[in-house]
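Order of writing sets the labels: A, B, C, D, E, F, G, H, I, J, K and L. Residues in every chain begin at 1.
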Amino acid sequence: MYVVKSPLSDAELKTVSGALQGALVDLVDLSLVAKQVHWNVVGPRFRSVHLQLDEVVDTARLHSDTVAERASTLGVPPDGRAATVAGTSGIDAVPEGWIKDVDAVAILVDALAAVITQMRDRVVATGEADPVSQDIFIGITADLEKHHWMFQAENGG
Amino acid sequence: MYVVKSPLSDAELKTVSGALQGALVDLVDLSLVAKQVHWNVVGPRFRSVHLQLDEVVDTARLHSDTVAERASTLGVPPDGRAATVAGTSGIDAVPEGWIKDVDAVAILVDALAAVITQMRDRVVATGEADPVSQDIFIGITADLEKHHWMFQAENGG
Amino acid sequence: MYVVKSPLSDAELKTVSGALQGALVDLVDLSLVAKQVHWNVVGPRFRSVHLQLDEVVDTARLHSDTVAERASTLGVPPDGRAATVAGTSGIDAVPEGWIKDVDAVAILVDALAAVITQMRDRVVATGEADPVSQDIFIGITADLEKHHWMFQAENGG
Amino acid sequence: MYVVKSPLSDAELKTVSGALQGALVDLVDLSLVAKQVHWNVVGPRFRSVHLQLDEVVDTARLHSDTVAERASTLGVPPDGRAATVAGTSGIDAVPEGWIKDVDAVAILVDALAAVITQMRDRVVATGEADPVSQDIFIGITADLEKHHWMFQAENGG
Amino acid sequence: MYVVKSPLSDAELKTVSGALQGALVDLVDLSLVAKQVHWNVVGPRFRSVHLQLDEVVDTARLHSDTVAERASTLGVPPDGRAATVAGTSGIDAVPEGWIKDVDAVAILVDALAAVITQMRDRVVATGEADPVSQDIFIGITADLEKHHWMFQAENGG
Amino acid sequence: MYVVKSPLSDAELKTVSGALQGALVDLVDLSLVAKQVHWNVVGPRFRSVHLQLDEVVDTARLHSDTVAERASTLGVPPDGRAATVAGTSGIDAVPEGWIKDVDAVAILVDALAAVITQMRDRVVATGEADPVSQDIFIGITADLEKHHWMFQAENGG
Amino acid sequence: MYVVKSPLSDAELKTVSGALQGALVDLVDLSLVAKQVHWNVVGPRFRSVHLQLDEVVDTARLHSDTVAERASTLGVPPDGRAATVAGTSGIDAVPEGWIKDVDAVAILVDALAAVITQMRDRVVATGEADPVSQDIFIGITADLEKHHWMFQAENGG
Amino acid sequence: MYVVKSPLSDAELKTVSGALQGALVDLVDLSLVAKQVHWNVVGPRFRSVHLQLDEVVDTARLHSDTVAERASTLGVPPDGRAATVAGTSGIDAVPEGWIKDVDAVAILVDALAAVITQMRDRVVATGEADPVSQDIFIGITADLEKHHWMFQAENGG
Amino acid sequence: MYVVKSPLSDAELKTVSGALQGALVDLVDLSLVAKQVHWNVVGPRFRSVHLQLDEVVDTARLHSDTVAERASTLGVPPDGRAATVAGTSGIDAVPEGWIKDVDAVAILVDALAAVITQMRDRVVATGEADPVSQDIFIGITADLEKHHWMFQAENGG
Amino acid sequence: MYVVKSPLSDAELKTVSGALQGALVDLVDLSLVAKQVHWNVVGPRFRSVHLQLDEVVDTARLHSDTVAERASTLGVPPDGRAATVAGTSGIDAVPEGWIKDVDAVAILVDALAAVITQMRDRVVATGEADPVSQDIFIGITADLEKHHWMFQAENGG
Amino acid sequence: MYVVKSPLSDAELKTVSGALQGALVDLVDLSLVAKQVHWNVVGPRFRSVHLQLDEVVDTARLHSDTVAERASTLGVPPDGRAATVAGTSGIDAVPEGWIKDVDAVAILVDALAAVITQMRDRVVATGEADPVSQDIFIGITADLEKHHWMFQAENGG
Amino acid sequence: MYVVKSPLSDAELKTVSGALQGALVDLVDLSLVAKQVHWNVVGPRFRSVHLQLDEVVDTARLHSDTVAERASTLGVPPDGRAATVAGTSGIDAVPEGWIKDVDAVAILVDALAAVITQMRDRVVATGEADPVSQDIFIGITADLEKHHWMFQAENGG
């Protein structure tokens, strides 16, 4: 049986692994949501939103890999399977079919907000138990909040 | 209401859009399955299998985008949401937790076989209705079959 | 006198060379039309449309070269001269002077639709006579239809 | 109605915009002529001439874009449509069909000479009215004259 | 004391160094103005304008370096300090706070127009005294006018 | 014993594997023939022909790898050994020693013609049995015919 | 009216936005100071100092952008206008005219020390309120302190 | 005498410089250990382990440079000389001669574990005194723990 | 008749040209052998061996070109035709069909050993007659011996 | 006999070709002078000056090619042979043997000054006859004067 | 037990392996010495020496790898462990603490001289026994002597 | 006075430095000769010869730098000044004016032959005294002889 000697205590590990698993599901779902909108958006701002969404996809894919491998590193098997994502994601479901560009932007503002709120909780929760994981969550939060600003700015004015 | 004037008849469109939607779900799930194994594989061949799986992920992501955008091109909104993938994928669920390298290879051989079988049916089904989509399915099949060979060869000998 | 021993029969060659010559003219004209709009577009979506049009130009130039060299390969001299393009193109003339961004998108939707219709006919016409040329026409159609979707999506919503 | 506040007087603008429009047509046609010969050349120097012609095409396409955007910059809509090019180009029509390599070089020597003569006139004509446009014409002339030398050198000796 | 033997007479040097110092201040301020708007723009065209502004920043930074080093080359110390820029720039101050995308474009049209007018005067003023510096001003003018067209085109239609 | 579960029936597999093995031998030999001429060509067109031959080598090596791996993918071990190539290639032997540039071009025209004829037969033979392999043969034929044109064009005029 | 829903409380936001605005002004001024010395430095170490200063400029420009966009992300419009920089920077004014290389190094040592002191205060001030912004300040401090060491090392020995 | 004005108090500096010097020695030795195994490993997994070890070398070299320059930045001369490394490293000596691949992986698991334990202590020890150095230690720990996972995973299963 | 004035005497030339021709055949065959195994290898180490073999192919192709062009340089036409390679290679024939990974490594160890022995003889034989060719053989030997070590190390332990 | 039809009159051509030939000799010699100092410089600033000189070499080589090809373009054969350079260069001979770094800088200041003076005369002389050549001379002068500043700045302070 | 069949006799192998082991230790120590000085150098030439030292590090690391893998290739396990390097290096120990730039250069001149002397002996010693290893030592000597010149030139004048 | 402690005896140094100085002059002149022909060649093979000559220039420039720096490394100041090159080169003067392509090739064949003969003598002369320099001469000879073959092959057939 494969067991990793973790540098963390059991209590610390429980806290951190919960945070990592939650972040993994949110980030995988964010990548699927952003792709779904990328393919279905219509309207005058199609091209701009279409391109911008792929940058969200890149961010989400990059960080989901970091988070999952951090879990493995601590000796906890990550779970990023479709059913797990569909069942436990913190992001609301996207409606099926074409999406107007204004709605597309609103969907992303909401999806990003949902993930950011959770991610900030993870920053607070893991600081004591594992500053390495905390540092990863801080970096993810910074990137997500920047995307969040940009989509908000597009709906402002 | 957004409507695309499709170059295909309604009957043709029905055939082709079904094939595209099926391929999209299979390919998105293949990317999630390959990532899941990439993170959870253990054993002497860890590094080799770990790297090889990311090449499957690249293939699956690239082609899922092509297939989804082909659907949009024909005027049919693609559906690559987590729940849709979890509910309609043609690939068997991966077990949770660590996966021995021998089992990892076997899981991929099976997953690829499942997708290939469907993809060859799509090649046959769409040749009349839309040779452009058929050409896409042929290219996907070629890539998947090459991955399939490599994982089989690793378990052979 | 320069004569190429063609692998095709005279009847096959006639069919295929007609299709290639027609595609060449359409694609050269498409590159000129897209550049014309690239230079003359005005309006709030200027930058987005301006950039998008150069991607159409790249597609049209790339494929016009492939098509012309395919004709030469089969022993038929291609004709992409300005007068030939002006006289036999399947695309409607662009109006002179500044073009509003909404109109720019509509012009491209129409121009692409005109070329796609012809290109699909060429796919059907050449399958028997020369599968190599047919494969080229299928690839061109795929690219043009993708551009067509994007411009339609911009006017939808 | 879209109007640009030009830094030039009406008289200056008339001079400069005429020069820019003429240069645009010449350069677009040069790119079409060079491609036509690129596809139809035959003879022992085929490969060398074939490659050299694509360098002329690159030069012509690059400068046609600069010239057209300069016109737009000054508030004058450029016209690079196929019919305009076919009707007003300063380059003689290329004969249809295969072209021997010696003839190919001679056609380019003549085409480049025709454009250079006009371009030098444009340098003189615009120096007073708009030194920025003049500087562009000088740069184009330098490049075209270098190509002209190379094709002449190939027929010399 | 550090003194450079200048190839210019004192009178020529006075003319040219004045023009270079003025251009330096305008270009540094243009880079700050474009960045300020880059950060504060809001509205549906956010992303497009946000990206376009960084191209103006690149242009302004590149040319400010060329102009300052040209002054040093002629033996005249350039002055690009914040107070000098704030005190002597030819561009109107940008209002504080968020800026709607339509206003952002208008601010850039005005800022570029102000710098272009001065830059054209510098082209005229320095032709006699130092054609090398004049050539630099011509190149800068060409780039600024192209940006000017693009922002105007976005507000036209 | 290593066995691949092939998606093809035995009859289909026999047809396709014969075509793949034949193509492999032809392409490996083509790469050796082109290298042999690359090293031994002499005459005024030495440099041009010398460079052009390495492009044929690149094409032949690339496609031989694709064809061999396609055979492995279908569960049939490919055979590209020297003796097999020497014994079963469809290309005539190149004479030993120096080769004049005119003769070098003629040798390549013949070698390419021999391979193309076979490859077109393979396109026809495999369309039913395995459209994936057929698609590979079509792509190879396109590349070889383009090389064929260029060498013919060099001897024409 | 454009309003961002900030994840921070009003009190937290006040602390963090003050720190970000202060950092923005310091970093923009540092980039102007480093450029000013880059252009005006003279003496035997000219080339070495000239090159080293552009690395400071790169650091300052990169981080000023990060800091300003972080402010926008939190819903606070950043202010990097010339007058604001001239009026509120924490760096002493650079003297006008040529600067000996020894003095250039001393000016940078002082300017960097001034910014570092402030930046360390910002690290302390924001840790509680916003660990994401704190993380940004820590990264900036690390880079500035490395530059500080290098300029000190050059004046040591 | 060269003295750097440190932003830290003497007590803080003592804590931080001890941690930096310890980390420097560990990382230099890790690079030597990994290279030693890279050259001496034998066995079926030779190639995989050989390549993987150079990634550890890259990590160790990169971070040893960062740590040493951070010490210099704080005014403390770092000591990475061979005798110091040999005398004070926290990693057990590698046995001389060939190393079987299984043993090679075990040696790396142990060496990385030894360094990680110390590095986590340094994270805790320096958080108060110098958050910049702490941030560097956190980043190093993350990288080392990822390598640690991978070598453990290879021996698991 | 094409004759090169060689800097070598007839006796020297005979020695050197024999060595070059032998090396050419060995290296071309090594590239074919390595490709054959690359396509046919099966077993747990498939991926590792498959990739490693392509590095041998690259080495063999690169050096075969150098050796053949060295022969041409000395005025001796090289012979790398399939029949010559099949008839005179110093490497034993590879068995047909699938090859287990252990056997694949053993085949390469033997093939490399055979070529290395000959290559070392060539180093000795040509030192007097042509130090330039000797230097080429030394470089080839170094590369082949390094590959030889790696395959041996994989079977050791 | 090879004759180019020049767009210039005989009188114009005489003026321009004299200027081009003079510039060619100066620039070739400048590249040789800078290399000579590059190899022979000694002293504490060795590395800095050594690197800086290769930037002068790059500038001189680039422009000498432009100038020579401009002469060919106008139908005048350029002369850049060693004896011509040695006999007609406008740069003073460099002393043989090692050169102290201070002297190295002084030699370059003088050499650049000599070439700049002539180049400015060429700008004046050719403006009427050939603005294309004049534009080339202006660009060269700008580059040389920038190098001139930098070497002067190194000896100042 | 892992044994490599060496192409060398026992006597030859003893000579060559001694030379390789000695070179390995010297080169690893040279890389540590150069890094130590890289981190501790102070004085006006800090930046220039700091950068130059990393080029020595690159050279030493590159060649130490080549030398160690050559030993493995000949069947002799190399020893590059910290204790071995500290105990048997031919380079004098570097003093601890800051190092003035003049002293830094002198330390490198001496360290390089020590290694070069030994390396030249190795060239002589191995020529008979193994020309491949000799060729490696010649290449290393060339690189080290070039660095030696540059550091000497910096202290000369 | 700058003196390098050479690892060579005085007698050895005299031999080697004479060879290096001779090679330097030959290579600088070869670069000038090849550029002269590059600019002045005319005839049907203009383009091919024109491009090929720049490859000779690259070779000659690269090796002249190596040779000159090797002389400096050994403590002997190299001399590559125009007058020295004009006075002591081993290459015959190129005639002034246009050069037919056939003659251009012949000039290069002769120039390369002259340099090769000398370079082979240098290989012999320096083997005892300095194997490092000898190795450099061997490498140069290999490159020059390859160019020599190619120009001969162009005139053969």
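Here is the rule we go by: a contact is a pair of C-beta atoms (placed from the backbone, for glycine too) under 8 Å apart; a residue touches a chain by one contact, two chains touch by 3 or more.
Everything numeric here is computed off the predicted structure, so don't read it as measured data.
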Set of chains adjacent to chain F and to chain I: B, L
Chain pair equivalent in interface to F-I, over half of contacts matched, among A-B, G-K or C-E: A-B
Chain centre separation (chain H, chain L; CA means) in Å: 49
Chain A and chain E: spacing of chain centres that average the CA atoms, whole Å: 42
Chain centre separation (chain B, chain L; CA means) in Å: 59
Touching two or more other chains - residue numbers and ranges from chain B: 2, 42, 45, 48, 69, 72, 98, 135, 153, 156-157
Chain H residues touching chain I - in the complex, by the definition given at the top: 41-48, 50, 98, 100-101
Parts of chain H lying in touch with chain A, wherever the complex brings them together: 113, 116-117, 120, 123, 127, 134-135, 138-139, 141-142, 145-146, 148-149, 152-153, 156-157
Residues on chain I engaged by chain F in the complex (per definition of touch): 2, 28-29, 32-33, 35-36, 39-40, 42, 64-65, 68-69, 71-72, 77-83, 85-87, 89, 93-94, 96-98
For the chain E and chain C complex, residues of the former touching the latter: 45, 48-49, 52, 102, 150, 153-157
Chain J residues within the chain D interface of the complex: 2, 4-5, 7, 69-70, 72-74, 131-132, 135-136
